[in-house]
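Shared chain: chain A. Partners: chain B in the first complex, chain C in the second.
Our next item is the complex of A and B:
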């Protein structure tokens, strides 16, 4: 299958205002640190045509930053983002427009991501007119109405404003707007986190249907692992701006190898049954993304950590047919 | 069997707004046994928070009515504001839904816990300090002595939630009402906080009401559960029974719409339709417009609460039977 998106060694930093504590004392004297948040630290993954790739990990680990860097909402420090094998330069306006049309984003918060003063027909219709996807007003409206039907909203809702919709309906409006661009990749950043379970099921089903119908690729960002297990084909687990494990969903859920993945899985509240993973309690807190630990970023909380882990960062290595793990001790039991 | 420590019968809370009357809670009954954790689940807007705020006289601008609202031997509805305030501080502690707003950013954590101790206990300065250190270590905060001097922003989300639990425990309450205490937290931190809360309840024979919309949390943490929908209790009973053999079609639909961890499902079940608007509720059963089992009677009459075996109660004319 064709790779639709490749992210290679992506690094993103956020600058911070400097404060008086940003000095480092070393043998050579006192030096000034450039205060930054190391949000994404060397992330690589790829998404194939028609595939759902899920990025999971706890709050602040850099998932949204990866998404924003892909759609060029923020600048990357280094690394490559290849769409169908090519890097899109920000200079070439035409190719940038084409890139922007091809990759659409659905946001977490269906309440604030829609302009409250715009009618639904304009929320969905405006980008269609801007990108000249349809030639005239009447045909734009025609497409709006088709898209609304596709996502399960009725035509007469076109004249309404966002506040007249429920959360699930608003999320559908966002999806219709994304689909209007006829994208090849949809990035869904926590699309169901703000929704109740009964509405969550509607949106997840809708995304799966659309994927099948249009052979869409989806980058799904989520923290609910039952949702991730249901919807994705492959997953990447992030910790402090790095992917610590990635691979086929079934394989990772069957045999999680990284100590962080194992701890994460053992905390999933599974309704039907007891959690099948060995109970592992994570100790301590996530270190700050301003001051990254040495070596393996997880060593400060890992029960298996030794001197090597403190000194050196383990590479992400393929341990078995596209199952990547970044850990010196992935073969060890607890 | 022992008499429940808290009992509510036929609680109704309404708000009169310019759009009309909102029946936030309509005729809900539940009880809390000593030493148990009772879960209250339901979708956003189903009345979980308002029902509990009503007990503690904390609803603003609403009218609260009930046949019974009893804590131990105290009739809660007859309490004067002063007496209620005392009870809230000492016997029933509430952990509010929005954790960040319950800590004052301008004061140290130590100051905030101490204020509560000053107000509700007779401990002297030294004793208060000892109690605070004890509390912080109990909720799993290392190096409590120096941590007392920190401000809220110097703590992570998970630690702040522990502090809020510590404040709720400071006065040694008999009952803790925790409103979505882990919703803002990551799964691993959520697991830690829930383990902490359950240990504190079970080891020290307190009782707790846990309000949440997360059925996973309910199934792992609670002994009994009440399922609410549009201001009504649809079903209640022992958590295991309700989760494994739901009898109300709404509970059944809710459970079926969650991705199952051990199965590979093609599609998720969807409850058809939408939650009714709070000021425009169906006349009969509130779930009738969306219910796959609805009959004509469901449209016209509200189903009474039926008592089944094993303490189960359901408000449905046509419950799902076993098998």
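Our next item is the complex of A and C:
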């Protein structure tokens, strides 16, 4: 299948404010320290046409940063982001506009992702009019009302402001806004984590329906494994800005190989022992992204770690038909 | 409109004596400023209507007062009531126009600085800091001393020193709005920077403006009065309330108190009314604003 998005060796760093006294004295002289947060360290993955790829990981592991780097909300330090095989530079306005129309985003917090001073018809209609997707006002409104119907909102709501809606309805407006550009790839940054559990399923089902109807591919950022299991085709598990394991969802859920993945899955909340994984407790805390550990980033907490893990970082290796693991000891049990 | 009258804001307004009292004063002052000249007995700056032999008549309730000059007369035989009405027009004109201009300039610079960030932000805000570190009276005094008096010069000068408050507040608001997801969404949707600035950031940072605006008018009227009192404000041919105070000041200690004190009282009343309303708005709309 055609790859719609390919991310190669993406690195994103956030510079920290360096104070006037942040310098280092060494034999070669005085040099200024430029502290950075290593948010994303060499991440590669690809999304195929029509597939749902989920990036999973705990808070602060850099999964949202990956999403924001893809839509160019933040600058990457190095690496490539290829959409249908081409890299879009921010300088060329035409190709950037083309890129924007093809890749849209659904945001995490429906309470802050809609402009409180715009009516719904303007929130959804503005991109249509701005990018001249429809030629005149009447046809813009026509499309707005079609989109609202598609996401399950009635037409009378057009004249309302965001504060008059519930969280679930707001997220539907956000989805309609993303769809207004008729994109081929949607990046959903934790689209349901701010919603009530009862609403989460509705929104996820809506997304899946729209995916089929509009022939979308979806990059889903999530920390909720039950959500991921429900909707994704393939998943990538991130730890400290790196993908430690990726592959088909069924394969990974059946046989998680990386020690971190195994620990993560064993932490899925359970109802009367339905969690098939043995409980594994992760010791310690996530290391700071300002000073990354040597070798494998997980070695500080991993029960299988040895000298090799401390010295060198394991490559992502294909262990079984598109199932990648970045661990020297994936075959070992513990 | 109906929603406004049923709102909590309006309810609190009705319940607040000081807010209603303040708005009544402001309303009366505006009415007096607008239609006063057609009602008062004379145009004090038309020499055919004044008579030097009527100079320094006390208000009508004093022994020598006359009913045709209810608040007495000044040294040129002008009716004090008419003089104050004419003067209040000029004070209000300066107060309102300076506030409008500073508000527009300050809001634009503030939202631009906050949105752009980086060097632009540092530059605009350092200029603002420098301005704040001088007393604005002093800057205005310098500029007016160099360029001479005149209403339009005074308006330009006071606007030049007045934008800082607006810019700082609006920049602060912009910084918090800038990181909202709807601004990120606007970027992802491919809107131009100017569109995001004017359509998405600006409408969401204007709440503090009404509070700043009200307080600023009172402030400007006072500054203008001080400058005029010091003799670098409005020209003598178009006296504002501040200049009237100054004109009467020379004879204040000769027992001719009304020439100076009455315009002074009017300034006090006007600014008092504006501040009452301003304080109510501040408490009601933006409690964290100081």
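Going forward, the second predicted complex is superposed on the first by the 317 of 334 C-alpha atoms of A that agree within 3 Å, B and C clash if a C-alpha of one lies under 4 Å from a C-alpha of the other, contacts with A are read in each partner's own complex, and residues count from 1 in each chain.
Criterion: contacts are C-beta pairs under 8 Å (C-beta built on N, C-alpha and C of every residue); 3 or more make two chains touch, one makes a residue touch a chain.
Just so it is clear, the structure is predicted and the values come from calculations on it, not from any experiment.
Q: Here chain A is shared; do chain B and chain C fit on it together or clash?
A: On the shared chain A, the partners fit.
Q: Classify the contacts of A:8 with the two partner chains as first (chain B alone), second (chain C alone), both, or neither.
A: After superposition on chain A, A:8 lies in contact with neither partner.
Q: Once the structures are superposed on A, label A:225 by its partner contacts, choosing first (chain B), second (chain C), both or neither.
A: A:225 contacts chain B only, not chain C.
Q: Write the angle, vertex at the C-alpha centre of chain A, between the C-alpha centres of chain B and chain C, to the nearest 10 degrees.
A: Superposed on A, the angle at chain A reads 80 degrees.
Q: Determine, for the superposed model, which of the two partners chain B and chain C contacts more residues of chain A.
A: Chain A has more residues touched by B than by the other partner.
Q: Please work out whether A:107 is in contact with chain B alone, chain C alone, both, or neither, and reply first, second, both or neither.
A: second
Q: Can A:117 be said to touch chain B (first), chain C (second), both, or neither?
A: second
Q: Once chain A of both complexes is superposed, is A:134 in touch with chain B (first), chain C (second), both, or neither?
A: neither
Q: Could you tell me how near the closest CA atoms of chain B and chain C get once both structures are overlaid on the shared chain, in Å?
A: The answer is 7 Å, the least C-alpha separation in the overlay.
Q: Jot down the residues of chain A that show up as touching in both complexes, chain B in one and chain C in the other.
A: Touching chain B in the first complex and chain C in the second, no residue of chain A appears in both lists.
Q: Could you please specify the touching residues of chain B with respect to chain A in the complex?
A: The contact residues of chain B facing chain A are 43-44, 156-159, 186-192, 213-217, 219-220, 243, 253-255, 257-262, 265, 267-271, 274-275.
Q: Show me the residue ranges of chain A that touch chain C in the complex, using the header's touch definition.
A: It is residues 68, 71-73, 96-97, 100-101, 104-105, 107-109, 112-117, 126-127, 130-131, 174, 177, 181 of chain A that touch chain C.
Q: Using the touch definition from the top, list the residues of chain C that touch chain A in their complex.
A: 180-182, 184-191, 195, 199-200, 203-204
Q: List the residues on chain A that touch chain B in their complex, please.
A: 58-59, 166-168, 196-198, 200-202, 204-205, 208, 223, 225-227, 229-231, 263-264, 267-273, 281-282, 285-286
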